[in-house]
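Order as written gives the chain letters A, B and C; numbering starts at 1 within each chain.
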Amino acid sequence: MNSQQLKNIIEAALLAADHPLSVDQLAALFIAQSIEDEPPTRDELRQALAALQQECESRGIELKEVSSGYRFQVKQALAPWISRLWEERAPRYSRALLETLALIAYRQPITRAEIEDIRGVAVSSNIIKTLQEREWVRVLGHREVPGRPALYGTTREFLDFFSLKALGDLPTLAEISSLDDIPTQMHLNQSEINPMPDNNNSGNTNIVQLYPVTNDTGADTNEASAHG
Amino acid sequence: MNSQQLKNIIEAALLAADHPLSVDQLAALFIAQSIEDEPPTRDELRQALAALQQECESRGIELKEVSSGYRFQVKQALAPWISRLWEERAPRYSRALLETLALIAYRQPITRAEIEDIRGVAVSSNIIKTLQEREWVRVLGHREVPGRPALYGTTREFLDFFSLKALGDLPTLAEISSLDDIPTQMHLNQSEINPMPDNNNSGNTNIVQLYPVTNDTGADTNEASAHG
Amino acid sequence: MNSTANVVNEESAPPQDAIPPFALVRGEAFNTLPRDLYIPPDALEVFLETFEGPLDLLLYLIKRQNLEILDIPVAEITRQYMLYIDLMKGLQLELVAEYLVMAAMLAEIKSRMLLPRPPGVAEGEEGDPRAELIRRLQEYERYKRAATDVEALPQLGRDIFTVSAERPDTQVMRLAPQVSLHEVLLALKDVLTRAEMFSHHHVQREALSVRERMSNILGVVNADNFTEFTTLFTVEEGRQGVVVTLLAVLELIKESLLELIQADAFAPIYVKVPRQSIQGVSDEFATT
């Protein structure tokens, strides 16, 4: 098998699979059943992946390594066009959900009580359920204290969803000594786009539209909505 | 928008959509929200599609026009490799089959009756058939006695599968009698279903037993992967 | 993408040439926020419900006044916090217990701040009654930022779109089971133990190489042709190879699987598979 064919098979496999493929999974495509005599080595596979990655430079898709393997994805710069394929916008997540998720991601394994302790409020069961249904969070075990509370951690799917290879790739946790750049405006515009049932004040959302209060926060909001 | 970018957007859109896209549907991606001033004409779109089609010649996928539009598909010639993404693992072999195989390996040429004699039970035709289909066992000839029973022996494929150069590389019976009885397969299963990712936060040692961490299991798993 | 379009509800959108107001309340634009943060009750309700708890509200109050988190003027913050609590009560919002607990904590810190510092206690963080509150605010603020950071990561379906191509026509393949040699050997050990073969005379084991050579020879010879005896040997294998082959031939002859034919003395020796050699009913038929 020459390197061109190897590359083509890898390209086809990654595009045919509906999930990322690891180097091991790719290697398995070449083993046994004697289609060809010598299966490619891991090094050859990695070389082919690197070559594909490079060839993508001039194309509309890119080859990205995430936690569970390699996947092709649309280049982020093309998202404005591609997102028009779907009428529905991607869901926005409530602050309560994101804060809970962040605590689980950065502090795992962590119990619900510990999350509540840091956030200063109760965590709704709905949030935990949503995170588990999305397969971003799972129960790793139980703390051996009375009540045996569940210990939560994140999954490979969580990493894949946010295009991360490992937990170490998460943004660094800030040390807080001053509040200069706290994005306060989050309070103000979150409620209207909040899809979570725990904040269902939908009756009110057409009454009030609060705008960012300061210049600072205004800039932050622009940045935030550019992502949307 | 230059023709390269147009091609890239079309490529990305066709790969991101889960159904074929018509020229009209592709054109719709460029209208509205005034991302760019002049949307491409149908002719430009068709030219881009033709260019993409041509670029695929050396790649693992091809651009096909079907009734409802254009779609990328994996080249049929790559099916032998790609289809392994969906293969199923057959159930494990029975003890009876393994015993039969072992007797054929050690006592060849051997008839079915002789195998039954040693095992003390009948050997099902299925077992012999499975071993022959797997190409591990073949008929070497027939014993010239009434009924002319087939004489079975192992094949080169058998040796290859078990990484043996010759039958002489098999352990002697004396060595076999001192084999320990740990069924290797169990380890493999265990490591497969081990639910923990690699990133176990060892810092939190007060949390007690999320998953088996005894020395035993660790050693077994290592041994298993060495076998596998 | 235009940020105004995202934030403003289509129907209530102001004319595009106007400066965007800070707030729209019942369609009415507010271009300046009241200094005392007076907001009509409906608006306030939404406003308050967007806080993620007392820590979040406190952080908001501190930030709003450009105060230092490490040096919170407790008296002032407490006053404002209580103002919000009263507003919530007035609006009959469901006032979660956590807010009241925080109010009590603030009151306690305030009263301790007012007490004269006992002599001998040095100034420092340990002695500051605000320390625990500051620690909690800092801790919460870290994860509040982390949440924003996580939200800003590229997300599948929002910033990242996975791609796929139509798969070729394939049948689902069934993989043959994997077997380790170890398993095969254990199976043999079992069956031998069962048959008590280790002690039994007829498992005087031949070297496996002989058994293998027997198979190989049977693969070469047949009943219809004579094979010259000498062709069974490969000189390159050396003395040991020749011995193995000879033992294999002898074993095959003993088992009546092979016969030797020599027409005359010193004539070439041939081997062939015997045709219907007369033998008594062998054991094999007893068990079949």
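Heads up, the rule we're going with is that a residue touches a chain if its C-beta (ideal position, glycine included) is under 8 Å from a C-beta of that chain, and two chains touch if they have at least 3 such contacts.
These numbers were taken from a predicted model, which means no experiment stands behind them.
Using CA-based centroids throughout, the chain positioned farthest away from chain C is B.
Legend note: the chain whose CA centroid lies nearest the centroid of all displayed protein CA atoms is C. Between the CA-based centres of chain B and chain C the separation comes to 19 Å, rounded to the whole angstrom.
Rounded to whole angstrom units, the spacing between the C-alpha centres of chain A and chain B is 28. Here the spacing of chain A and chain C, counted between their Cα centres, is 14 Å.
In chain C, the residues touching two or more other chains are 1, 161-168. Contacts with at least two other chains are made by residues 12, 15-16, 33, 61, 72, 74-75, 78, 82, 84-85 of chain B.
Chain C makes touch with chain B in their complex at residues 1, 161-177, 179-192, 194-195, 197-198, 203, 205, 207-209, 211-212, 214-215, 218-219, 221-223, 255-257, 273-277, 279, 281-285, 287-288. By the touch criterion given at the top, residues 12, 15-18, 61, 71-74, 76, 79-80, 82-83, 90, 93, 95-96, 98-99, 101-103, 105-106, 118-122, 160-164, 170-171, 173-179, 182-184, 186-192, 199, 201, 204-213, 221-222, 224-228 of chain A touch chain C in their complex.
Those residues of chain B that touch chain C in the complex are listed here as 12, 15-16, 18, 33, 61, 64, 71-76, 78-79, 82-93, 95, 98-99, 101-103, 105-109, 111-114, 116-120, 122, 134, 140-141, 143-147, 149, 151, 153-154, 161-164, 166-168, 170-173, 176-177, 179, 181, 183-185, 227-228. Of all the residues in chain C, the ones that touch chain A in their complex are 1, 3, 6-9, 11-12, 20-26, 33, 42-43, 45-47, 49-56, 59-60, 62-64, 67-70, 96, 98, 102, 136-168. For chain B in complex with chain A, the touching residues are 4, 7-13, 15-17, 28-30, 32-33, 35, 58-61, 72, 74-75, 78, 80-82, 84-85, 196-197, 199, 201, 204, 207-211.
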